[in-house]
Amino acid sequence: MPFSMDIYAWDSFPIDTLLFWCFAAVMLISGLCVVTVKRVFHAGIAMIVCFVCAAGIYALLGCPFMAALQLLVYVGAIATMLLFAVMLTDKMMEPRPNTTFFQPFMGLFASVLLFGLLWLTVSSSKFGFAGWANSTAASSSAIDITSLSTTNIGLRLLTPYAVPFELISVIILATLIAAIALARKEDRSPADSGTPADAPASPAEPASTPAKE
Amino acid sequence: MYQLELHSVLSVAALLFCIGLYGVLTRRNSIAMLMGLELMFNAVNINLVAFAHFLPHLDGIILAMFGLAVAAAESAIGIAIILSIYRNFRHIDTDGINELKG
Amino acid sequence: MNRDEFIKAANQAMPDLHAKADTANPDAIVVNSADLHGLCLWMRDDPAAQLTYFEFVTAQDWPDRDEIVLVYSLYSHPLGHRLMVKTALPRRDPQIETVSDIWEGANWSEREVYDLFGVTFSRHPDLRRIMMFDGWEGYPLRKDYTHPNLIHRPE
Amino acid sequence: MSTFPPNPDLVTEEFELKMGPHHPSTHGVLQLSLTLDGERVVACRPNVGFLHRSIEKIMEHRTYAQGVPLADRVDYCSAMTSSLAYVMAVEKLLDLTIPPRAEYLRVIMSELNRIASHLLAYGTFTLDLGGTTPFLFGFRDREKVLDLFEETCGARLLYNYMRIGGVACDIKPGFLDRMIAFLDYWEPLLSSEYEAIIDENPIFYNRTKGVGVLSQADALRYGVCGPNLRACGLNNDIRKIEPYSVYPELEFDVPIRTEGDTFARYRIRMEELRQSARILRQCAEKLPKGEYLARQPYELKVPAGETYVRIESSRGDLGCYLVSDGSERPYRCKFRTPSFSHCSVFSHLFRDCLFSDIVAMSASFDIVLPETDR
Amino acid sequence: MLIALIAIYAAVSVNALFLIWLERKISGRIQRRQGPMLCGPKMMAQKSMWLGGWFATACDATKLIFKEDIIPSKVDRLGFILAPIVVMLAAIAVYVPIPWSATSYHQTEQVTFAFADLNVGLLYIVAVPSLTVFSILTAGWSSNNKYSMLGGFRSVVQMLSYEIPMVFALMGPIILAGSLSLGDIVKAQTQGLFGIPFLGWFIIPSVIGAAVYFICAIAESNRPPFDMPESEQELGTGFNTEYSGMRFAMFYLAEFSNAFVVSSIFTAVFLGGWSIPGITPPPELNLGFCILPYFDLLVGLVVFSIKAYSVLLILMWIRWTFVRVRPDHLMNFGWKFLLPLSIANVIVCTVIAAVQQIYYGGLS
């Protein structure tokens, strides 16, 4: 058994392109599942499969740091939070019809149109990078910005991009406080906030929208 | 032909973006809408990483990481809002929530 | 304090009680069911008696005398003496006031007597069958209790 | 008491959870219907009666001698003491004095039974908290006690050893030496193995200190007895306050603690194990020679009358209220069992605590379901 | 490529089987009984207690495989089936970056012998358990019974709140070694600290980090004393109550392979992987050591497994002596005690790394 992976002969067979297309295919299929599946919990699971494949694609595109981060942040935190939200709000056993008659076609039409537009711009443009790359390579910063190794990312992150890095931490702190404030009972808010917010069920289903359940 | 070209990655990301958009537009359950939104964020990140790989320039990844952080913050706030809506209306159908009194 | 002092103290504390000594049980007094609740209150609060520990309440079914005799047993830890109180109730529809407001321990014992003997305790917080399931009819520990699939041993 | 009052800030919904009759930590078939608010227990309603064999009804159709095996089954974890209560009630009605050797044999057997039952309690209590090793220590040594029982009365759980007027059979010649050998082997283990693995363990401390505190007033109001009441600081050991059989001649002391929480109840039982060993050593020396049974006619007729006898079983004061109408069958026989009142305390005690506290507290009360349901 | 994957899977499952047997023997020994003695050749059982019954886990595994695994009717089928698969996937995926040994036979410089020595090794190791978090959540929710839901929520809350102190605890060695890849961390540990050759292991400079990581690792892999989620006494084996047969075997194997992974990461990061203090040559010097081809590879492998199994024994020893922790103590302990401790550890390690850098010309 070859004792180390990285001296395996890569170039004889385009394994990474093949892998890329597998990941892309699985990602797109699970993406479709997310939008079409009846039960939201299954949509959640499909979304997680999609995130994992995206992490695979990042690894293939030469930056494993981003792949690990994606796994950690998206699959570990955001997806778990979404699943928690689904559990809190969804009644498991009675799947409800989720779209009215005309709505899917409008959405379909809009997104297909957008995709056509994007596809045209992408395939027609010629990305002439050769000239551009070496012109910026000799720029002032000591870090070699062309090699995507983790140490370079770290250095680049903290020297030229130090300010946005701190800003991001402020944003996350603000979200933390906002989320906690939202989760508390609203009856703390001043009395004139209309119907008491924590009445278990809103007094009357708004007559305008017929109950669709 | 076998080498990976940029525009193939970009088209995949664009397709994912459109799927996310379709999800946001058609889904009635607001949590599923949020999931569609997350798909769109992912598509954007794939684009950024693709440019970082082919250019090759480091800023793509750094921007992707910032994008990641903001997406996480945004979905946290989204879920908090949805849960407080659920507490008031007992359901989270996007059609049902149209009064502003709150 | 043995039984006779109890009777003297009880009669003296509640004039229209006229508690009598029980023949069969050496340390039991007999009281009529109406003023049992008053007697129990006195027993718990009186410094001489201090019967704060409720042991059990049970019943004896006497079909020939057509009565159900309730037996309350109380004990006092500080003073170390015991007193048993007996009252007689008619067999058809035995009804008595609950003592679970005086001692919470009585709650479950009274539910058991209700379940097995059919004595209803008025003002009992949660009078349900405790041993049998709720749909059971009949009171098993009564002497004349029969059940379709009850097989008597050949004498 | 580490209570968890409802948090006014969070809007939560309660849900009903039946910790049903078939559950690993309810020590038999007890159903606790809990209303939970997330991890916090809002209210608890124990339902009993799943193991009701109506022993009192059957006793009314059996002669007095046939009642002894039935009395064993009232509390199968310490069968000796439950049949002892019934037998002493009958003897009190007959006002029969039994030979001193039988008295001593009865005390030896009930103290051995107390050790076996407390070992069971120690094992299940630590098992419910998650420690599997102490469980095995407890049961390994309990086997040795059961061997002693098997050697004398041929049974390991329901011994049918007590008789009206004495005991069923005399002990084998080498019994006392084997018993002393067991005590010598087992007593040092108490501190070296049992308590060493559990007592100084900080996690055990956090799980039991200040959990399930029962004040003395509440305990008395609900009729709690035995080690659980001694944990609230009241000496209610019947062997001391109403000494019966030969206990006045034996000197032993009664462990008392005042905190009244789960840890106190656990400590009381461990101390009682040591006291039982001490009693057994004294009985081994003082065992007189002579008759072991004052034989009674099979068709025994008991004069009409009522009596209530109370003895200290391993779980508390076990009473037998016997009514006889002169025939050879008891007219009414009521067993006042400690677990019945301990179960009724649960609804008062399990409020504003955590779901995992329930397991610790119910295990510390050492309730046994046959006693509760009779 | 494919052979390597099959090799990992085979090694992991055989290892997990062996671990289950070892666990039962150790627990037997602690409880002064013999553990499984019956399955397996008789004469070996007579010879010594440790040889008896080594066939037990094989019998268990085959029993579990052939047992009919029931899928209860009211269950969300997709989540129910997917959860054990993802748990097993995550349990195996974590093995990839572990540096078993190193050899300098071929190249001029030491090459770590691992399945794939990623240069984001430690981050990958922290990222993959988030898959187990998701699968436990789905298992608990989709088996649609109150107990498993409670168990699922408890385990997710526990794993999430112990992930943060774990990451901070691992930060110490990363700073000291200057790289995320496990191979480099082990190489950095071969040199001494402040010039003294023997103090190379990272457990010496970041002792607090080692202790915090050890506790968090126990919590992450749901092992006692933190096994509140699947405590039989309360929740009836928590999230895997409804599982039986092969699916339950998957959860069980995953738990044991997690335990082994955790102890091997602890050896790699804190106990100096395959290096024997003082004897293993620093990475650049490669000649003197390999007498036979791949000899230093074998020696490294033996040293690594000795250390890994000793840490595993401590894990098992803890499992059978401690009582279960109550969830709210768990949370207080995690957030209020471990987190500040691990942050303090990061500061201590940065100071040591700085001193190392200035006076002794850096580690890696």
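By written order: A, B, C, D and E. Residues from 1 in each chain.
Rule of thumb we're sticking to: a residue touches a chain if its C-beta (ideal position, glycine included) is under 8 Å from a C-beta of that chain, and two chains touch if they have at least 3 such contacts.
Just so it is clear, the structure is predicted and the values come from calculations on it, not from any experiment.
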| item | value |
| --- | --- |
| Subunit E and subunit B - chains in contact with each | A |
| Fewest touching-chain hops separating subunit A from subunit B | 1 |
| Innermost chain, where centres are averages of C-alpha coordinates | E |
| Label of the chain whose CA centroid is most distant from the centroid of subunit E | C |
| Longest centre-to-centre distance from subunit A, chain (CA-based) | C |
| Subunit A and subunit D: spacing of chain centres that average the CA atoms, whole Å | 61 |
| Computed distance of Cα centres, subunit E from subunit A, in Å | 30 |
| Subunit D-subunit E separation of Cα centroids, rounded to whole Å | 45 |
| Where subunit A and subunit C are represented by their mean Cα positions, the distance between them in whole Å | 72 |
| Two or more partner chains touched - positions in subunit A | 65, 69, 77, 84, 183, 198 |
| For subunit D, residues contacting two or more additional chains | 11 |
| Touch list for subunit E against partner subunit D, complex | 27, 30-33, 146, 150, 224-225, 227-228, 231-234, 236, 320-329 |
| Complex interface listing, subunit C residues touching subunit D | 24-26, 28, 52-56, 58, 60-61, 71, 73, 77, 80, 82, 84, 103-105, 107-109, 129-133, 140-141, 152-153 |
| In the complex with subunit A, residue positions of subunit B that touch it | 2-4, 6-7, 9-12, 14-23, 25-29, 31-32, 34-36, 38-39, 42, 45-46, 49-50, 52-59, 61-62, 64-66, 68-77, 79-84, 86-93, 95-96, 98-99, 101-102 |
| Residue ranges of subunit D in contact with subunit C within the complex | 48-49, 52, 54, 56-57, 61, 220-223, 234, 236, 241-242, 304-308, 319, 321, 323, 331-332, 334, 336, 340-341, 343-344, 348, 373-374 |
| Subunit E to subunit A touching residues, read off their complex | 1, 3-4, 7, 74, 76, 78-79, 82, 103, 111-120, 123-124, 126-128, 130-131, 133-134, 137-138, 141-142, 144, 156, 160, 163, 179-180, 294, 297 |
